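Consider the two complexes below, in which chain A is the common component and chain B and chain C are the respective partners.
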Partner chain A sequence: MKRPLKRSNAPIFWALFGAGGMLSALLGPILVFITGLAVPLGMLLPADTMSYANMQAFAQNIIGKGFIFAIIALFLWHAAHRIFHSLHDIGIHAGIVAKLICYGGAMVATLITAYELLAIGF
Partner chain B sequence: MSENQRIIEIEVLRYHPEKDKAPYQQVFQVPFTDDMSVLQGVQYIKDYLDGSLSFRWSCRMAICGSCGMMINGEPSLSCETFLRDYYPARVRVEALAHFPIERDLVINMEGFIEKLESIQPYIIPKEPRTLAQGEYLQTPAQLGAYEQFSSCINCMLCYAACPQFGLNSEFVGPAAMALLHRYNVDSRDGGKAERMELVNSEEGVFNCTAVGYCSEVCPKHVDPANAVNQNKTNSAADYFMRFLTPKGGAK
Partner chain C sequence: MSKRRPYVRPMAGWWRKNPFFVEYMIHEGTALFVAAYALILLTGLVYLAHGEAAWNVWLEGLKNPWYIAFHWLALAAMCYHTYTWFKIMPRTMPPVIVGGKRLPDFAITGSGLAVAVTASLAMFGLVWGMAR
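On to the complex of A and B.
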């Protein structure tokens, strides 16, 4: 063991990964059902649930904004972490490059999401 | 040998670094009976077919942890794996994966021993204790907190099973992490803060991607994956809490 030991900063990514994993497990299937089946096929929900006006109102509501942000950002951080580790598993140890692409991608998309949500207004 | 004796083919990975450029396979025809383990199979080879075959063993009863080998690609204790379960097919025996080979089925375990030392595998008392204070007392619940993690026999099967240790041998790994956890959750111990430095480090728990194969191959049901993953939570708490607590927390 090399001493002194260097503290790993993995907990940041691991916490985002965990939060995204929890959220995607709980809400992912429901979202797929609502947006992919229920609304387009007119099952259970009114046909205009996802109309432009409704969705815009949702994105302008502060709770709606928070929901959209959490779903997009945390799902992405979850995916980035998984892809990063899967690359490692299949033998691509690009290290800093893989890190930049995976986590950098999630970071950029998070910032764009935040910007767009604010641009939509309240 | 009795009359119900049969012949099984044992394919062994051979390697004598002083004369072989690379490891190679050698097949032996071994007569066996139903009660013979794979270890007894390779012992037969050494006694009657090729005395230069090297392997480790001692207790022959899944206690000492020295006879670990890859048997048909699975990390196993060769003394509790039976030839009858492979017959009539050939059984393939190789040195434990992810370790440098010293000779034939003998691996170099120096790195593992270093890891065991690095976790300080002994009770570090919370405060000095005098003889007059007598022995430590523990409730069954306090014993239960660590007992399972104390049954490790250092067989290293879990290291041979761990793909992350295979990719990065610096990773502290399953057994050492289980033993570290065993001391950290012992009510008599006060060394947790020191050991957490290792848990939190780049060699620590976050190398694990929760594969779980280590716990599957463990002959003693230590469940090292459980210890590693509990410590991811501990480590993440330690990481974020140090911003909240002005003094405490590791560096």
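On to the complex of A and C.
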């Protein structure tokens, strides 16, 4: 009698890691530059680039919403997976508690992101 | 019964002895910056949902020298992540066969980096165009 193999949930985490890794590799540097340096320091971009009116309109737009959600959620799933798999290297046991903290944290942040995007409205 | 204290091989600092592992730890460490940056954006989103006054508090906060310093570091970490992501890609994706020959590593890494540069310029142009 052969029992069916227990299905692993690992591919889901790997896929999220890969998607977030690709997105952050393509857009991470320029986003950090725009939101963290160019706008606060007033270089290259207009002073009101990230004004309330602009950002609210962006977050209310369906494409803008999707972009914000993908960036925040996938960046965090990427980081959670990478940090989880590096724990052993720095001498921390990568057990169930560590897994819950890493992936659970990414999950909670994903839900908060979705909630706030819905709260901002359409 | 006396408590046994089995020998556990110490592993603190093991990676500092080999440049290969030092590089490995740095490229894995970029994840900390990716996470921190995503959390900053998430904080911004929460403030945005709370209205204009709250949003302006967050936006002003970004001018804090500590945040500026963090973002310079994060920019360096992100660029390094981009570089290593595509440097490793020939080994993380299935082999690509073109004309019966395996596509060389530098072609995969090079096109990845070219796409990243193009995407970054397009993103910046889009933001610049929308904000103007």
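Annotations for the structure displayed:
Here is the rule we use: the second predicted complex is superposed on the first by the 114 of 122 C-alpha atoms of A that agree within 3 Å, B and C clash if a C-alpha of one lies under 4 Å from a C-alpha of the other, contacts with A are read in each partner's own complex, and residues count from 1 in each chain.
Just so we're on the same page, a contact is a pair of C-beta atoms (placed from the backbone, for glycine too) under 8 Å apart; a residue touches a chain by one contact, two chains touch by 3 or more.
Computed from a prediction, not measured in an experiment: that's the story for all the values here.
Shared-chain residue A:79: touches chain C; no touch with chain B.
Touch criterion met: A:41 reaches chain C, while chain B stays clear of it. When the two complexes are overlaid on their common chain A, residue A:14 makes contact with chain B while staying clear of chain C.
Counting residues of chain A touched by each partner, chain B versus chain C, the larger count belongs to C. In the superposition on chain A, A:89 makes contact with both chain B and chain C.
In the superposition on chain A, A:6 contacts chain B only, with no contact to chain C. In the superposed pair of complexes, A:70 makes contact with neither chain B nor chain C.
Within the superposed three-chain model, A:101 lies out of touch with both chain B and chain C [touch as defined at top].
Note: residues 85, 89 of chain A belong to the chain B contact set and to the chain C contact set alike, using the contact criterion stated above. Only residues 1-2, 5-8, 10-12, 14-15, 85, 88-89, 93 of chain A touch chain B when the two sit together in their complex.
Interface residues of chain A facing chain C in the complex, by the touch rule stated above, are 20-22, 24-37, 39-41, 44-46, 48-50, 52, 54-56, 59, 68, 71-72, 75-76, 78-80, 82-83, 85-86, 89, 91, 109, 112-113, 116-117, 119-120.
Taken together, the chain B residues at the contact with chain A in this complex read 114-115, 118, 163, 167, 170, 172, 197-198, 200-204, 206, 209, 232, 235-236, 239-240, 250-251.
Across the complex, chain C meets chain A through its residues 11-12, 15, 25, 28-29, 31-32, 34-35, 37-42, 44-46, 48-49, 52, 55-56, 59, 62-63, 67-68, 70-72, 74-75, 78-79, 81-82, 85-86, 112, 115-116, 119-121, 123-124, 127-128, 130-132.
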